[in-house]
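First, the structure itself, so that you have it in front of you.
The letters A, B, C and D name the chains in turn, as written, and every chain counts its residues from 1.
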Amino acid sequence: MLELLKMEHIQKSFFGVTVLDDVSLTIGQGEIHALLGENGAGKSTLMNILSGVYSKDSGRVIFEEKELPDGSIAAAEQAGIAFVHQELNIFNDLRVYENLFLGKEYTGFLGKLEKQKMIQETEELLDEMGVNIDATELAGHLDTGKKQLLEIAKALHSKAKLIILDEPTTALNNDEIQHLFELVRNLREKGTTFIFISHKMPEIFALADHYTVLRNARYIASGLISETTPEEVTSYMVGESFSTQDVYEKRKLGDVILKVDHISGNGFRDVSFQVRKGEILGLTGLQGAGCSDVMQAIFGQKKIESGSIAAWGQEYKTGSIHQAMKHYVGMVAANRKENSVIPDMNLVENMYISRHTIDGKNPVIQKKQELGRFLDYKEKLNMKAGDPKNLIISLSGGNQQKVILARWLSTEAELLLLDNPTQGIDVGAKEEIYRLILKLAKQGKTIIINTLEIPEIKKIADRCIVFYHGKVMADLEHSKISEEKVMLYATAAIEEQIKGEKEHG
Amino acid sequence: DEIAVMVPSADHGWTGAVLSYAQEKVDEINDEGTYSAKLYAATDVENQIQQVDDLLANTDGLSGIVILPYDNGLQSTLEKIAAADIPFVQFDRCINSDVIDAKVVADVKGDNEGIGYETAKRFIEDGLTKDDYVYEMIGDNSSVPELRSAGFRKYLTEQGWSDEEIDAVVVKSASTGWSRDKGKELFESWFSSAQCDTSKKIWIFTHDDEIAMGVLESLNGAALDESKKAEFMDSLQALSASSGLAEIYAVLKDKHQTIARPDSYDLFSVTYDPAMIKEAIDAMEKSLSGEEIEQNYVIPVSVVDAENVEEFQPFGTYDEK
Amino acid sequence: MVKKLKSFWSQYNFIVIFLGIFLIYLAINGSQTTWTSVTNIFLHSAILGTIALGMGMIILTGDIDLSVGSSFVLAGGLTILFFNKVNSIFLALVMAVLLGAVFGLINGILVGKFRMPAFIVTLATMLIYRSISQYMMNELGQTRYSVDATLSKYQPLFQFGNGNFLTISYIALVFLAVALLLIYVTTSTKYGKRVYALGSNEKAALLAGVNVVWTRISVFVLCGACTGLATFLKIAKDTSFDPATSGKNYELYSIAAVVIGGISMTGGRGKILGIIFGTMSFTLIDKIITALGMNALLNDTVKGVILLLAVGLQMIQKKSKSE
Amino acid sequence: MVKKLKSFWSQYNFIVIFLGIFLIYLAINGSQTTWTSVTNIFLHSAILGTIALGMGMIILTGDIDLSVGSSFVLAGGLTILFFNKVNSIFLALVMAVLLGAVFGLINGILVGKFRMPAFIVTLATMLIYRSISQYMMNELGQTRYSVDATLSKYQPLFQFGNGNFLTISYIALVFLAVALLLIYVTTSTKYGKRVYALGSNEKAALLAGVNVVWTRISVFVLCGACTGLATFLKIAKDTSFDPATSGKNYELYSIAAVVIGGISMTGGRGKILGIIFGTMSFTLIDKIITALGMNALLNDTVKGVILLLAVGLQMIQKKSKSE
């Protein structure tokens, strides 16, 4: 097979920390190449170098037998490389088609933009992708999933020879993922090459042909997907063999501590359920089905229009985070970078910020005590972190998430709401977080977890509630949780099925 | 033995002229050699207060201070000079308190009240009545314009006008900030509003030559509605100004490049000479060499018009026609 | 229907605000209102408005320029000296625009290239530009920068600054022309989209291949050029410049005009069209106060309150949108 | 070692900048320098510095307050009237601080509660507060607000404003005390952490349970209270206020002092300690200019250039960090 891209002996460090150490990568023409590795292994950095976002310290990048200049986004684009970044890079204030065409607009006489033409072409592309987005809508009005699709559309639209997809599916529902994969396969047939980064093993084995594994800034292995197994790849990534077996075990549950009673609000209708002490409850549904909204309502971030929420037998006012916190509710919000991480603060400060807001009696900080407690959590949660005085942004995603988890554990919250807690976290760290959740439950904490990944729920949840269009569709026991079943409810296909059965019967 | 001369920093207009006259005088003194002198120009109030503080920090060799206080908030700063037993002369903006009055060598100032007083007198001579309309374009919101307004009222009161009658006739503008441009803009807004009632006789009392220049420029321009302007010119009785800017003297001499001397209304400017600063510094020098000085030293004002303009020395530069 | 009204309000509230203020003005001024008083609103908005247009471009990228008033005055002095030498209207126009652009370029390079905060950079140049202008005049031994009235081109220049075309003054027409040009640029050109993109999400713009540094520099240059043009209009209208007072507070006023015009201070959102109305609304506030014959010391109170009301109204709409 | 130096520079460059400026001052002023001239640096930084401390708190949250100069003057006028009525130093102090806090509260509510942009809100209140202060004085038929010298508490007040403790003036000590208090608050209290968190990532702070609205209001109130205290210091020192000129440009100067002190305009980063040095550096600039006997019209040019240099130096360090 023809070589499309060769990256040779790439070296890169940030502030003296080596992030890429003599890494090489070879991509063949027309393949889908999975780039694998734990959080912080250097995948995104390597891609950022390839696409000219960062400049490398040394090494060479050869694309179509020509060396690419260093650190030029324009040159990479020119050469035919498109990059869907890990984080969303949407212009909320621009319309969908303007986002798609930014910098590549069609212009006519006097540089006048040809809007109709662009709108039409956008509509065609979105149709082809099978997504339902209005080309003239303001991008800021789209939900996260749609924004991610828009990002992908940008890359596809560029007609690039090589498209880099850095964790493109984190905010997509299964339908959308399937659609995306079809599209990718179609394009591959037409000769487009892909580099695909994901922490979701099934996706990799469903889509990719080749793989390369990085670990700790180094190249570890590469090969054909067809010649390997998830276990083998995983062991390359973590550097030791490690078990992915189900760690779930049944526990004895306590009394009901949370009663959600017929609540309705923006994004959810007439939702009721109860949670018992020590229970792990999974909430799932397609993107935008309302799981997140319900969580935010419980946490007081969102107002409810009717119904009531009671914890420990006490109803509390919604729409106030402080009220929820006083009722021992804590929430690890989705989208860590935007909603959790306080970039200018160090680890201890990041952990303690919430605790401070509930014990206001002593306004002064007990520095020694805080440091002690932090070190405690550091060990308990197995954080890989250096000096507690370092900024939180110096940690990898998984470890940042642990600091945030510690933030809520230290408030002594009894009910933890985890909104998509493993987003963008590698297998190893994911597994650790699962174990942690189970351990916490065993110690009597109650946990509600919202995730789009059904296997994740299967692994840890005692019970799973499936949402569709803001309504509860099903409440499944652990033993009843299976991918097919959940999907049936989540896509409301089950109603069709029942309807069909009725008609037949 | 040093004399410190402290004035606001300015590039033009009246205060600008004060600064350059002060510089001239300081240079003279240094050339003469009996005393030395240094000029301190302050960019704002705090700056001037700090300059005084720093000066008092080291009084060896400091024999006297001549100061144009930046604003009316300088009272205690002046009291500190008094307390430090440094002889000082206040110029123009004279602030009074027991402590100050006990030590000050002289208060040298022009007659701000006199400006208003003389203006009102001239207006009455020209035929101002209680049915007319006076538009007063003020300098800013400090005490100097206050005094000019007060002088204007004082004369009318002396003529038997009641407060109500004065209030019914005199309307003040917003602050022009002593600026020609702002004055011009305010005049144009006023002109096109219902306030400018051309059925009455109109008199315009500006606090400064720059403001009056703004009005003259506007009347010379094209921003005014032609038909109303015709009525307005019929109603306009007088335009007054003050200070002695070369440019307005050029108008009075009919030697201005673009603006003709008006003949349908009375244009005049009341003197307020920035060269008074030299007299203030003189007073300091004399007092240091032991001469007796009149403590209250008010320089009278004169009305300058087309008739007598050649007798007066303007300040600033203007290329006459 | 209600929705349509709402969306009109959210997009064009600056027109409603302007009409409201205009009606108040008409009510107060009553029978005194002539056609000229109406066209004067235009005329008196032209100079500040031209600067506000440039300021609007900068604010669209999320930055700010406090130095406009000082650039205005420095460019003004230099241009007058130049005109008095060359006696050419066209060359003076070119000079004014060039000088403005250069002052903008200095800001732009410091902000765009060296990543210094715009607030500080332009605060510093605000101090510097005006002070140089004052110093220079002082060194020349003058008290005012004035166009030499003996020059042959003085009258044509003055005519341009004070003449009308079909009752609308030329300089108001220039302002309108620049506004239309910038409306076109922002809505219908690639460059315009890049400006919005930068203000909306700088990082994304960078990744989308927008030359962020250059774009940032360009809006400062543009704002400088607009300021330079405003300088030229002012010279034509008033034929002189006072370095201590001319253009004082223009940075605040032009920002106020831009914000009343509905452009968001955080960048990325708003319409250049709004600036025309924003400036006229701002100009009208002064006229209303004068028409009222109110105590002038309360002038700024009224101005402040109206500013708060205008922005408050926009907030209400935004809040109802985000919920 | 080099690394340590680098980290010192990145954290404490405001000290280096101050020392640099101070040495220049000593060199220029030469034998003229007495101990009093040195302590005067403190004294002359006290009033602006106290305001800058409050401004620093607001800037740490990523906002700005343009109204400080006007609040200063309005609180000043009212406090003097009040003092003349009650003849009590303590009550006057309380009154000044309270008034300042109320003016800050108004800003805070508009910015924090109604989410209006701080720049516009405080621009509006800047216009309003000063104009009310002038109007009020005008209505009273006075030309300045002056403490009644015949009162029994006049002398003690004046003594406080102009006295020294071990050669350091009382009001400089007040400034230092407030600075120490705020250093403590920002580094060692929970409230302080909230202020930084808000400035660093508002959304995350909200979701961590920080009452964002209240925190935002609180910094404006705090800045108002600092301004009120500065008012009191000014009254004690100078015993009178001229509403047209006092506190003019203080918003710009205090922001400049904060920025020279190394606090980032985008919020979340910097030290209150820096403000002490930032203000003193700023104060020294004026003194250097006076000592040089330079043309005062160039004053602002020098100020602007030093501002650019100070921020430029900080940028260099930041850049070398991010690469």
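Rule of thumb we're sticking to: a residue touches a chain if its C-beta (ideal position, glycine included) is under 8 Å from a C-beta of that chain, and two chains touch if they have at least 3 such contacts.
The structure displayed is predicted, hence computed values, not measured ones.
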Determine the centre-to-centre distance between subunit A and subunit C, using the mean Cα coordinates as centres, and give it in whole Å. 45
When centres are defined as mean Cα positions, the distance from subunit C to subunit D in whole Å is 30
Residues of subunit C that touch two or more other chains: which are they? 134-135, 138, 295, 297, 299
Shared-interface residues of subunit A (touching two or more other chains) are none
Where in subunit B do residues touch two or more of the other chains? 11, 141
Which word fits the touch map of the chains here: line, ring, star, complete or other? other
Mind giving me all the chain pairs that touch? A-C, A-D, B-C, B-D, C-D
The residues of subunit D that touch subunit B in their complex are 32-34, 36-37, 40, 43-44, 47-48, 134, 138, 143-144, 146, 149, 158, 161-162, 237-246, 248-249, 283, 286-287, 290, 293, 295-297, 299-300
What residues of subunit C sit close enough to touch subunit A in their complex? 184, 188-191, 193-194, 196-197, 199-201, 203-211, 268-269
Subunit D partner contacts - residues on subunit B that touch it in the complex: 9, 11, 38, 40-47, 49-51, 53-54, 57-58, 70-77, 80, 97-99, 140-143, 146
Contact set on subunit B toward subunit C in their complex: 10-13, 16-17, 138, 141, 171-175, 177-182, 184-186, 188-190, 192-196, 210, 217, 221-228, 245, 247, 257-258, 316-317, 319, 321
Of all residues in subunit C, those that touch subunit D in their complex: 64, 110, 114-117, 119-121, 123-128, 130-132, 134-135, 138, 252, 255-256, 259, 264-266, 295, 297-301, 303-305, 307-308, 311-312, 315, 318-319
